[in-house]
Structures are given as C-alpha cells and as structure tokens.
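Shared between the two complexes below is chain A, which has chain B as its partner in the first and chain C in the second.
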Partner chain A sequence: MKRALTAALLIIVALPMLYAVAQLPPQGSPTSPAYTHVSARYLEAGPEEAGAENVVTAVILNYRGFDTDGEVTVIFTSLAAVLAVLLGVRTGEKPLAGQPVSSVEASVVVSFVVRLLAPAIALFGIYVILHGHVSPGGGFQGGAILASLLIIITTILERAQAEALVPLRIRRWLQIAAPLAFFTVGVAGLVVFGNYLQFPRTHDLAWLTVTWLTIIEIGIGVGGAAILATIFWTMGGDS
Partner chain B sequence: MSKAFDITLMVLLITCAIAVIRTKDLLGAVVIFSTYSLLMCLIWQHRGAPDVAMTEAAVGAGITTVLFLLAISKTVRREK
Partner chain C sequence: MSASTMIVAVIIVPLLGAVLTPVVGGRSGKAAGPWAFGTMLLTSAIGVYLMAHVARVGPFSAYLGGWEPPYGIELRFDEFSASISVICLLGTLAILFSFRYAEKELPAERLRYYYTLLLLNLTGMIGFVVTGDLFNLFVFMEILSLSSYALVAVSGEHTAEMAAFKYLIMGAVSSLLVLFGIGLLYALTGSLNMADISTRLTGAAEAPAMLAFAVLAVGFVVKAAVFPLHIWLPDAHAIAPSPVSAILSGLVVKMGLLGLVRIYQIYYGARVLDLSTFNLMLVWLGAISIVMGAFFAIFQEDIKMMLAYSTISNVGYIVMGLGLASQYSVIGATVHVFNHAIIKATLFLGAGALIYRTGYRNLTDLRGVGRSMPLTTAAISIGAVSIVGIPPTAGFLCKWYIALGAIEANQPFFGFALVFGALFIFVYYIRMVNAFYFQQPVHPEILELKEAPPSMLVPVLLLAALCLIMGILGRLPLSFIEPAVARLLGTLGMGG
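== the complex of A and B ==
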C-alpha cells in the first residue's frame, strides 16, 4: 500500500516535469530565451566592459557581483553552523572533535607521492585563482584545490602539525577573507562611483576593474580554502 | 561519435545513482558517489562548461568524499 502510494506520487510529480523538459528549446538554439536577452550583451561587451576575457568570471564577479557576495556569505555562515554543531558551543556538550579516531601510519608510498605532488598542486591552485579572469577557473575552484592540498598534507602529517601550517590567529582572518574582499571592493565602488560594488565601465579605467576582480578572486580562493580545511580539521581529520 | 559518448556517460551516471541508493555499505556508497561526481564532471566538460567541471571535480569528487568518509568514521559503516 505504502509502496503503491509512493509510486503514484512520484509519477504525479514526474509527469509535469518531463512535460516541461520536453518543451525546452533544443540545446544551442539561438532563439531560446537564455540567448536573446542580456547574454548577447555579456558576450559582446563582457571582455571590454567587465575586465575579464572569461565570460563566466565577468558575469559572476562583475555583472552579478551582488549574487556572489551573498554566496560567499552563505559559505561563511555554513562554517559557523558546522563549528557551532561540532564544537557544541550552544549546549556545552562534550565536543565531538575531541574523540580519538583510530589512526593509521601513512605508508612510505603515500608519503612520497604527497610530498612529490604538493608543490605542483599548490602552484596549480594559485594559477587557477589568479588566471580565473582569462581561462576557466577562479576563486571557488582554486580555493577547493588549495583546500584539498591541506587535506592530503594532513594525511601524512600529524593533525597538529598540519594545522600549524595555517596558524589559528591568521586562520580566523582568512576564513572571512571572501566577504571581506567583497566588502572592501564594494565600499571602494561606493566611494568612487556612488554604488555598492559598482565597477568602472570605461576603457581607460580597465586596470582598476582587473585589480578589483583580482582582489575578489584572491579573497574567495584563500577564504574558501581556509573554510573547507577548517571544516575538515574540526570534523576530526586526524591522520 | 559525440552522441554515443554522451549516451554512455548518461547510462553510467544513472547506474551510479541507482547503485548509491541500493548499496547498504556506506563506505561503498561514498566511493560510488565519488564516481558519480567524476562522470558528472566529464559531462559538464563535454557540454562546454569547464568552470563547472572544475568545481565538480574539486568539490564533488574530492572534498565532499573526504567529509563523508570522516562522517562514516565517526558513526557506523553499515546502513540498517
């Protein structure tokens, strides 16, 4: 009975969705609404106006910068929530992170490969962050790569040693780097051009646009890496 | 050729999705879910969205897998 009811409900939900998908314009169709409104202008004026040859970056950080500002705040809030739950701040319960996890000594092979690859991964992460306005990538992707680097380093070092790579006092500031970078650029736009997060639109101020985009990219990258690594360590990332 | 590649990826993706729900071993489910993310990453790349593909590879296949493994190590391995 219960299974039949579930199946019936699923079919009732699925049918309108399948019908709606069938109504979508074919992929790449030039007349679909997604291509006929603002995106034509983004593609035409994006590289010149928004200071980023990669149109995705131009849209995310410049045209829709306000959305991304909200997104990085959401990421920071999620860190706060994870810390509140895991460290038992509210209830004063015994912190989960303190429980010992059975640890295994990293083998020589793992240790060697991590040591060999770590500099290359670090370089790649920084490249993805800084080159994000020209090629695919950017702060979010590069930050995730840097965070994976910190996580694999934790597998060969003791957790305390790995955490010492990013000391707690500095990490507190790095965690809010993304909202902070957005706030700095936003207020700079407010002071210079009169609107929060307003970028210059003229050709001779292109250097300023690129500088501001780079500040935001570095903020998102460093902040994202710090947040993801902190969540990992707080959840008990013992080796 | 390109279409056959797309269809292969989609079939593998759906297989992974069903396998994740069916398996009772949570460690196995996490590994299959990581494969799902990898396939999804290939699909994004093949559909011309390299930005999303990079995010999927780093976050989907990498970091969420590690976090899931940590969560399993804190609880039990098998689903009841």
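== the complex of A and C ==
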C-alpha cells in the first residue's frame, strides 16, 4: 500500500516536470540561450582576455573564480565536519603508534607493486596539477591522484608511518592551501589591478596570468590531497 | 578602500578567519575561540560600514575579478543584504557564549573544528545574502548547509548524530532542488546573474519557468522548515549545542526565506508568471505552520524542544507575510526575520545558560530556577514576552504589520489566524515562566546555584536588552527596508 502510494505520488510529480522540461530550449540547438548569451563571450574572447589556453579553466578560475574559491571552501568544510564529528571518539586518545590499519598484512607482491608505482603516480599527479591551465582539469584531479597515492601507501605501511609522511603540524597548513592560494592571488589582483581575483587582461602580461593560475592549481592540488588523505585516515581510525 | 572592495572583504575576512582557525588554535586548540571572536568583530565592523553605505546611497555592487555581469560574479549589497547585521551580531555573541559552554560540552580535540565550522557557517550566510549571482548563492548555501549538519552532530551524542543525519537527508534533497532550479533558469536564459535572469526571463516559455520557480521555492521552503517540510527541524535545533541552536533557529532557517525573497525579486521583475496562486498557498502554509508549531510546542517538556517548535510558528508568520504580498505584510515579514533572530537567540542562549548550570532541560526539573538565576530567567522572560508579540517588545511591530497587511490584502481571516497563533504561543511561554518563578522546585539543590559565568551571561542580557530596544526603535528597521519592499512590489504594480 505504502509502495503503491509512493509510486503514484512520484508519477503525479514527474508528469508535470517532464512536461515542463520538454518545453525547454532544445539541447544542442545553436539558438538556445545557453549557447548564445554568456557562454558565447567565453568562447569568443576567453582565450584572449582570460589568458588561459583552456576555456574551461578560464571560466572556473578566471571569469567565475570566486565560485571555485567557494568550492574549495566547501571541500575544506567537509574536512572540518569530519574532524569535528569524529575526533575524540575513541576514549579521547590519539591512535596508538604502530597500530596497523588492517589486521591482515599486505602481501609482498602488493607491497612491492605499490613501492614500484609510487613515484610514477606522484609524477603523474604533479603533471596533472601543473598542466591545469592548458587542459581541462588541474588541481582537483591532480590532488585526487596524490591523495590516492597516500591512501595506497597507507595500505602497505602502518598508519602512523603513513601519516608521518605528512606530519600534523605541516598537514594543518597543507589542508588550507587552496583557500590560501585563492586569497594570495585574490589580494594580488586587488593590489595590482584593483579588483579581488582580477587577472591581467593584456597579452604581454600572459606570463603573470599563467603564474597566478599555477599558484591556484598547486594550492587546490596540495590542499585537496591533504584533505582527502586526512578524511581517509580519520574515518579509518575506528577499525 | 572602496565600498565595493568592502563587500568582498565582508566575505573574505570570515572565510580566511575560518580556514586559519585550526592552525592558530595552538597545540591545545584553546586559542581558536578568541581568534574566531576577533574575526567576527572585524567582520562586524565591515558590516556596519556596508549598512551605513547602503542607507546613504542605496544598493551597490562589486564585480569579482573585474568582470562585469553577467560574465563574472556580481556581489550586490541591497537592503535585504542588511540581514548581515544580525548574522554578525548573533555570530559574535554565540562565539562568546561558546567559550565556556563548548569547553564543558565538547571533547577537547573538537574545539578548534567547532569554531572553524561556526565561522564557515557565518561566512556561508554572509555570502548568501550579499551575492547577486544565482550559482554563487548555491555555493554559499552549500558551505552553510554542510557546516550546519556537522554543528548539530558535534556534541557526539547518539541522538545528536541521528538528528544531524535526518537534517542532512532533508537538506541534501532541498539543495538538489535548488540546483535543479538554477539549471532550468540557465537553460531558459543562458545567465546566472539574478538581475540579468530577471530581464531575460520575460517572454520565456511558461511551463519551464513555472517548474524552475516551483523547485526553487520548495527547496528554500525545506531549508526554512515551513509546515509539512519542517520534520527535520525540532530534533536538529533542540539537540544541537545551545549556541548552535541559536544560530540555526535565529539565522539559518531565515536563509531559506531570504532565498525565497531572491526568487521573488527575479520573478516579480520578469512578470513571466502569475504568482497569486503560489502566494495563496504560502499564506495557508504559513497559517498552518503558526498553529501547528504552537500546538506542538505546548506539549513539550524539554525547554529547547519547545523553542524549536516555536521557530516553526515564527517562520509561519514570515511566510504568511511574504505570501500576502502587500506592502505592510512584506515589510512586517522582512523585519520579523531580524527580530525573530534576536528573540530566538535570547531564548536559546538563555536556555543554554540554564542547562550549563543546572544540567537539566525539562521544565519540571527546572522549576524554581528563577530564584537562583534571576538575570538569566528575566532575560528569557523578556524573550518570551517579545515572541508572543506584546508591545512594546520587538515581536509586536512585525506581527502588527503582518496583520495590517492581511487586512490590506483583503484577507482579514489570516489576521485572525495570526492572533489565534499568538494566543497559543502565549500559553506555552506562560508555562515556562510559571515553572521558573512560581512552582516548587523538584530539585532543591537548584536554589543553591549561581548565575552563569559572564561570558555567557553578557550575550544573553545584551540580546534581551535588544528585544526591548528593537521594540521601541522598531520604526528604524521598518523605514530602512521600506524602499526595498516598495521596489520589489512596485515591479508588480501593487506597491506604494
């Protein structure tokens, strides 16, 4: 009965929604406002005035950089949320040194392969971060790659050893690298060009745009990696 | 520094303060509280400057990155943005109140992240009210929501975690609806700037415009906890630490309502839809919220549960005022956003002080506490009188305006519902005051207690004083918001 009612309700809600969505400007039509208004300018003038070779990067870091500033804050908020809810659960003690994360030892093969791959993964992560201003992607993806490196290292080392790779004192700074990078570039833009997060518009200052974009990409990458790894370590703490 | 730089600063300062809190918290995390307090003082100073500026010259904007709208993100400070005054005020006082409260109630390791989340929460709200860009609004709403869920769970008790989870599920659905609505508006207009959407929406296809309005409105109404969508609120607001309850009940639910105001600004301006059916629905939901919230509150034993249900009633008043869409009612509703924030913070922080000293939260257990903690209970009583709406306190003028608005809109029946709701509310606050002052204590040791420490008592007394002051100076916010409301309804052709 309850199921039938739910299904009926869903259909009643879905029908007018589908009817309305069907009347939207058609997807892919060149006359749709989504292509003719704001995005048209991004595509035409983006590479020139925004200074990033990739239009996606130009939009997320330059035209709408403040949104991305907000997004990295959302990621930091999730870290603060996890720590605020999970720290101090285990009778208030720090995890014991030498306490293994998993009760099963990693096999020699796994351990060897992880060691073998680690430098390559690190290199790839750094490459993705630094390539951010010419290809879609950058800090967020590269940060996730670096974080996954820390996570697989945790599976072969004892957790305390893995965590020691990013000591707590530095880790707290690394976790806020993304908002700090945005703040640095934002204030630099304010001082030099008069607006928070303003990048140079002229072609001869393109090197400055690239430098600033790279600072932000590195901040996002390092910060994202530190945050993801910390969340993993904190949530894995109970096992 | 120009005024437009200051709009950016009012977001960036608390944001930077928040992310630095874990680092400057020191080895023990003890420095986190004072750091957060200092951050909010600085933010408040910027807020005061912005308010003075908007009062002098009217709404003004900042273009981030120097990109003019609609290509970049516009921050726009208008009269509705002036709600940062209460955000800064309550934020500062709640942090001050937390110094002793959080030290006692929370595990020490969590302290620095508790203050981080508080600052992030306040940053989210400040960004939410000053942005002129719809997607930027969503980003700040996410900062705000995520930090709210965690703040409910921060005490670590099992009930708190369950309450936070329920809040999270409802909140996530509402965020999804809002995002969907933003996507629809983008498909219709190709823009994310609110003012630009409003102009470009004129002449858009009616059905998708209606759907966008509906999902945005429902999304914000869930955040505002209007009657059938309120089920997450009582547990979350009652179980959270008291300073968090004050922020959630006083401010966070209001963001849903301000979101609704922003949607009205877009749609009233675009004249693409006739919103009178929706408005009538809102008025009815408001009326039901008033009565149901008050009705459930009467049966609560837990003092904070009672206050949480009372928030549902008060949101009902505001929603009803917005829905009546007449000059008086919208002014009354907007000002009630401010005044209810102050009143509810008085009550929640007062209740927090009682719980801190006595360890009890049920009315029966708290009997006689008025004799040992006279200042705190006096403050709570002032808050209670204000929330019922007895002149000359802060609650009176808004309700009077909403009632006048009901008559102006030719719907006197709803004015009656409003008075009826106030009577209900009166009953349960009488119960509370009666328990504090006139009943024999169940726990005799309650008579031996002292007042809460100054860092808790001062915020409570300050807020109680404001309840009285805002009642006497009530015309000030009314005249401040009047031009904004006239503009909003003027586009509708029914203002003035």
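Basically, the second predicted complex is superposed on the first by the 215 of 239 C-alpha atoms of A that agree within 3 Å, B and C clash if a C-alpha of one lies under 4 Å from a C-alpha of the other, contacts with A are read in each partner's own complex, and residues count from 1 in each chain.
Basically, a contact is a pair of C-beta atoms (placed from the backbone, for glycine too) under 8 Å apart; a residue touches a chain by one contact, two chains touch by 3 or more.
As the structure is a prediction and not an experimental result, all values here were calculated from the model.
Engineer: A:R64 contacts which: chain B (first), chain C (second), both, neither?
Structural biologist: second
Engineer: After superposition on the shared chain, which partner residues are touched by A:L9: those of chain B (first), chain C (second), both, or neither?
Structural biologist: neither
Engineer: In this superposed model, does chain C or chain B come into contact with more residues of chain A?
Structural biologist: The partner with more contacted residues on chain A is C.
Engineer: Which partner does A:L165 contact after superposing on A: first (chain B), second (chain C), both, neither?
Structural biologist: Touch partners of A:L165: none, neither chain B nor chain C.
Engineer: By the touch definition at the top of the document, which applies to A:L123: first (chain B), second (chain C), both, or neither?
Structural biologist: Touch partners of A:L123: none, neither chain B nor chain C.
Engineer: Once the shared chain is lined up, is A:V74 touching chain B (first), chain C (second), both, or neither of them?
Structural biologist: second
Engineer: Figure out whether A:N195 sits in contact with chain B (first) or chain C (second), or with both, or with neither.
Structural biologist: A:N195 sits against chain C, while chain B stays out of touch.
Engineer: Share the list of chain A residues that count as touching for chain B in one structure and for chain C in the other.
Structural biologist: Looking at chain A, the two contact sets are disjoint.
Engineer: Can you list the chain A residues touching chain C in their complex?
Structural biologist: 16-17, 19-21, 23-25, 32-39, 41-42, 62-67, 70-71, 73-74, 76-78, 80-85, 87-89, 92, 172-173, 175-176, 179-180, 183, 186, 189-190, 193-199
Engineer: Under the touch definition given earlier, write down the residues of chain B that touch chain A in their complex.
Structural biologist: Those residues of chain B that touch chain A are 47, 50-51, 53-55, 58-59, 62-63, 66-67, 70-71, 73-74.
Engineer: Within the complex, which stretch of chain C touches chain A?
Structural biologist: So the residues of chain C in touch with chain A come to 5, 8, 12, 15-16, 18-20, 22-23, 62-67, 70-73, 107-110, 113-114, 116-117, 120, 123, 127, 135-136, 139-140, 142-143, 146-147, 149-151, 153-154, 156, 161, 164, 184, 186-192, 200, 205, 207-208, 210-211.
Engineer: Which positions of chain A touch chain B when the two form their complex?
Structural biologist: Residues 27, 54, 56, 96, 99, 101, 128, 136-138, 140-141, 144-145, 147-148, 151, 228, 231-232, 235-237 of chain A touch chain B in their complex.
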